[in-house]
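In what comes next, subunit A is part of two complexes: it sits with subunit B in the first one and with subunit C in the second one.
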Partner chain A sequence: MKNGFWVFLAAFVALGASWLGLVYGPLKQLGVATETKVLQSDAKWPQARTGDATLGLQVYRSAGCAACHTEQIRQTGAANVLTITETGSHQPADLKGFINSLSSSVPELMNYSNAVAANLAGWNGELPKVLYRGAADTVVALLGDKLKAVGVKTEARVVATGADIARPGWGARQSVAADYLYDAPVQLGSLRAGPDLSNIGVRSPDLNWQLQHLYAPRSLVKNSTMPAFRFLFSVRKKADGPDAADALVLPKEFAPATGQEVVPTTEARQLAAYLVSLKAGVPLYEAPFTPITAAK
Partner chain B sequence: MSDENKSCCSNETGEPTVTRSSAPMWIIVVTLALLFTGGLFFDSHSGWFDKNIYAPYQSREQLESFQPKSGAAAAMARGKAVYEGVCGICHGSDGAGKPGQAPALAASEWVTTKGFNRLAHIPLAGVAGPLQVGGKGWNLNMAAMGAALPDEDVAAVLTYIRTAWGNKAEAVTADDVKKVRAEIGKSPQPYSGAQLQAMPE
Partner chain C sequence: MNPTENNTFCPNEIDASCRVPLLALFGGAALWLVLGLALGIAAMLSFHQPDLFAGCPFLSYGRAQAAANDLLFYGFVIPAALGVMLWIFARLSRSPLALPLVPVAAANLWHVGVLVGTVSILLGFSTGHPWLEYPRAAAVLLFAAFMLVAVSAVATMGFRLNRELYPSHWFLFAALLWFVWSYATANLFLVSGHPPRGVAQAVVGWWLANNLIFVWLALAGVGIAFYFLPKIAGKPLASSGYALFAFLTLVFFGAWAGIPPGAPVPAWLPTVSAFGALLSLIPVIAIGIIAKKTVCGAKVPCRGGPFCFIKFGVLGFVVSSLLYLGEFCPRASRVLEFTWFQTGVTQWQLLGFAGMILCGAIYEILPRVMDRELPFAWLVKLNFFLFAGGTLLFVVPLLLGGVEQGLKLRDAAVPFADTGAAALKFLRVSTTGQLLALLGSLCLLLNILVMTIQWKLGLVKCVVTAVTAPLNAPEVKS
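This part shows the complex of A and B:
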């Protein structure tokens, strides 16, 4: 073994490099993550969960929800969008001519004049009208200024793009590491037999909706393939007097036999609280967009 | 034993030994070329392992260009745009001034005054004649470059020069500019250095 030292050194470097790249690097990069700031606000992100919701993560895990649901929104791009919101005293045809002559004569806008003209073709004055959509933020700022000077009101927005973002209610931006700060373990999921749940707390914020959906998915979503999680509920004989306050109000075909009622167990409540806590609706530095409410 | 099997080793009876031989040159060249192109790709797409940069964003500059702008950030962006279009032609886009054309604005005692009053008069009315800037005498004329700009733009550009290039002074609002403009009146006459000095900061 005359090359023993070199064999040892090569093995040490190979294993050491993997350790640096796979353990030390990620730890250095994200292992010390703390709450981040919400864009254009003093609020912190993410918000800490309630006790129920924290326990609900373990119910989510034991019920195997992550087998069919993901918690990760993907994004393929981003765009700066300039929209005309008010034309002032201008006629659409005149304004169209003005904008086209502007974008083909101002040097900074010349490269984008064709795109702007294509957006304006066939425009009859219906508002809001998207004037430019693309990567160049300088175009949005400059064109917005020039139009403001002639009394046309515009709105500049940043939007995330991608198939996930386009689905209604799935969230306005991609998931980033900060979103998972309070998840232990993180429930990323890898298969979408059901929809992504990153933003379910914004999509269906009603606890009762969540509980009914867990007990009888098809009573709310007609063609749902989700199994009913009846073991999270107890079906019991109605007591004399008024109904239990937390008994589910179910449509007739899903209701239990007469004289019985469906009451959620603690686990069901915790799971529902966890689901409602899943939100991905705020802009962050690493995943920017213009929230609808903050516009204008 | 056939001929083929024999042909591989000239010394059939001797013990095989480990020797060293250099790698072919083409492998070294291809490896270096791959490393180089990989490096170029990494440089432009990785964001250098920044924890805030996620695909599809590829660099901090790109991420910055998609940050929604409002409030102070928007005013600064606007101020920079106005400055570079109007003021920077003579004063320089780095605020360092140009010899024989315009004095520096970076670290200038005229710009970083406590109040905005004296400074705001300069773009709105202009300056004529001798002026001391940073212990150096200047004898030039400046037209009322800001007289035709809207109040918001003058305020944005004043805020920009008061906070860019290491300057640290308070922001100026459009209402402030409006007041100064009203004080100057409809037909502004350029001020002399002495007149400006006499004004309150």
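This part shows the complex of A and C:
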């Protein structure tokens, strides 16, 4: 090559193509997104944050919380789960025999008879009992109908699967693009030195818990590796009379010297409000699941 | 064209023209390297002693870590690479540096930008986008400074006597364009004040991170290595044709990686990225083969000198790039995503690849440019072993710890606290490695600093002799 122009052209076309694909394309698709509809409901998602929580995102950004915390839940797939909720007048052993004979005689169910039999193997009648866990909608519907005909009540639910979902309180479904509509800046994070926070508002909805956890993480979570964020609090001399309403109630080994009290600053309160606002609990078109509250 | 020919063409004049700009770029770069590593250690201390900086917001992990990473990339890697680029362009052109005062001003502007950005992050004014944490004021300074250096570099390239372009020209010229375009684009979208809605911000951020930390580093680092390896080994690059293939595949495929497989975005984005990452294996392997063929059989002793640095750096490029691209494999990502593994790979790219090549290049260039020996030549060897050993000790535990952490994260039966605890013992070793790398970087700083002082003293002496010299006889009125 004799001419720098060809290098210029190669770089321009290469970077331009990737710009079209990975910047322009997503901006056209995601940059114009609006609120979406929650499944089986008239509600919209996501809900905009209120004042303190909106400002709390800026405290989160400023302190660099995303260096250790992600705000994204992954899932490996989704499964239909059929659960027996009421056995009606049947004895467990009879019902077991009936279901096994049903699943080995009805052609559509034959492929699943082993799984169903395995699920029922040690069953002594405790409820609710997961009868079948898998991906095919038709199997669940058919099995449910057959059982309904003999007076057994069942419940069919869609659940997300994966290690993140299986962790208690981490959320019922994967994070999707719609969840971040009102975030600026979007704080996805890339390291889980600390737990994921996309559902912390459901996991620990108490503002005072959040504040105490920020001031002294190990007073609430014994093995926590999180640094204390004491600079978000002010330690001041206690006034005469009753304690200040917003003073933290701390266990003895974390409490300040006698005659002093720990009071959250505005930033701490905003950050706690933001954390409590982090919820990812509604089913969406791209991440369906059956909420537990909906199943009565 | 063989770069060894350049030595015959008035190299002294060329080197002298680079002296002041390169000192300005390298001096600041070495200082930022030391500060960046020190700040990185300070950040990691939070994992050894969680409440150490509980009352000090400036050194809390989130801020110090971001500032340290940016110091390594924007503070050290970019100015050092720009300095080496200017010298390589001047040497390849066989002409003195064009507009030599422009890069001097630019270097100072750049360092001010880095200072403003770092202080802003530590004070809590980070933008919150990884690799783009510097606020608008700093970003504008950096952009302007880069443009100025690029003008000087391109002008020097334009004055070349031999019109044929050498492979390093392609890589380094593309690197200049690449940074300007991608940095400007990402800043306009994310830092301008009107960010795109929702998760599109993260997509732009990933695009930039990949273009800077993978593609730009590869263009700059490999371009520099392709100049020095043949020059030191005394053999031509093997071969220009392969290098062209590696260059084209790198820019065309490399720019498509970047979106992690687990990202909460429409599935086509990570899929395209995984495919781009897969194809990017081609240039990485090609570059490894070219370097191997060029170096193999060269009867040049290494002895911890610049040759060692650059060979280690190229090996670091191949290994760290393979690990980096592996992160985009969906199956591997299920374990490695959100773990210390990614931190380890990034640090390897910055220190074990770019850092090594740049240190080697600086030690090779500096004595020529300053026209004097290094003040502490024995420190070069020490620097190599401390830096190489330190980087490995820093990075390898992070990689291993990341895998263990990832395997535990994947098993929901393991309590979350145990996944963090699993990584802690690896972090202890890793910080030791960081400390060794810091000691190594002090050797570089010491050499550049003492050289600068000697040079400035020389200038003062020159002036003093000129002033105090006895006047010529005709001027003395008797």
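Side notes on the structure shown:
The rule is short, and it goes like this: the second predicted complex is superposed on the first by the 280 of 296 C-alpha atoms of A that agree within 3 Å, B and C clash if a C-alpha of one lies under 4 Å from a C-alpha of the other, contacts with A are read in each partner's own complex, and residues count from 1 in each chain.
Here, a residue touches a chain if its C-beta (ideal position, glycine included) is under 8 Å from a C-beta of that chain, and two chains touch if they have at least 3 such contacts.
Bear in mind the structure is a predicted one, so any value in this text is a computation, not a measurement.
Placing subunit B and subunit C on a common subunit A by superposition gives a fit, with no clash between them. Contacts of A:174 after superposition on the shared chain: both subunit B and subunit C are touched. If you stand at the C-alpha centre of subunit A, subunit B and subunit C are 110 degrees apart, rounded to the nearest 10. Which of subunit B and subunit C touches more residues of subunit A is settled by the count: it is C. Contacts of A:150 after superposition on the shared chain: neither subunit B nor subunit C is touched.
Of the two partner chains placed by the overlay, only subunit B lies in contact with A:289; subunit C stays clear of it. Contact with neither subunit B nor subunit C is seen for A:115 once the two complexes are overlaid on the shared chain.
Of the two partner chains, subunit C is the only one touched by A:191; subunit B is not. In the superposition on chain A, A:81 contacts neither subunit B nor subunit C.
When the shared chain is aligned, subunit B and subunit C each come close enough to touch A:33.
Minimum C-alpha separation, subunit B to subunit C, in the superposed model: 5 Å. Of the residues of subunit A, those at positions 29-30, 33, 76, 174, 176-177 touch subunit B in one of the two structures and subunit C in the other. Residues of subunit B that touch subunit A in their complex: 49, 51-54, 56-57, 63, 65-71, 77-78, 81. Across the complex, subunit A meets subunit C through its residues 1-4, 7-8, 10-15, 17-19, 21-23, 26-27, 29-33, 61-68, 70, 72, 74, 76, 163-164, 166-167, 174-195, 217-218, 221-231. Here subunit C touches subunit A in the complex through residues 46-47, 50-57, 60-63, 65-66, 124-130, 154, 157-158, 163-165, 169-170, 173-174, 177-178, 181-182, 185, 189-190, 195-204, 206-207, 211, 244, 247-248, 251-252, 255-256, 258-260, 262-266, 269, 272-273, 276, 334, 337-340, 342-343, 405, 409-412, 416-417, 419-421, 423-424, going by the rule given at the top.
Against subunit B, the residues of subunit A that register as touching in their complex are 25, 29-30, 33, 39-40, 75-78, 80, 135, 137, 141-142, 145, 156-158, 174, 176-177, 283, 285-290, 294.
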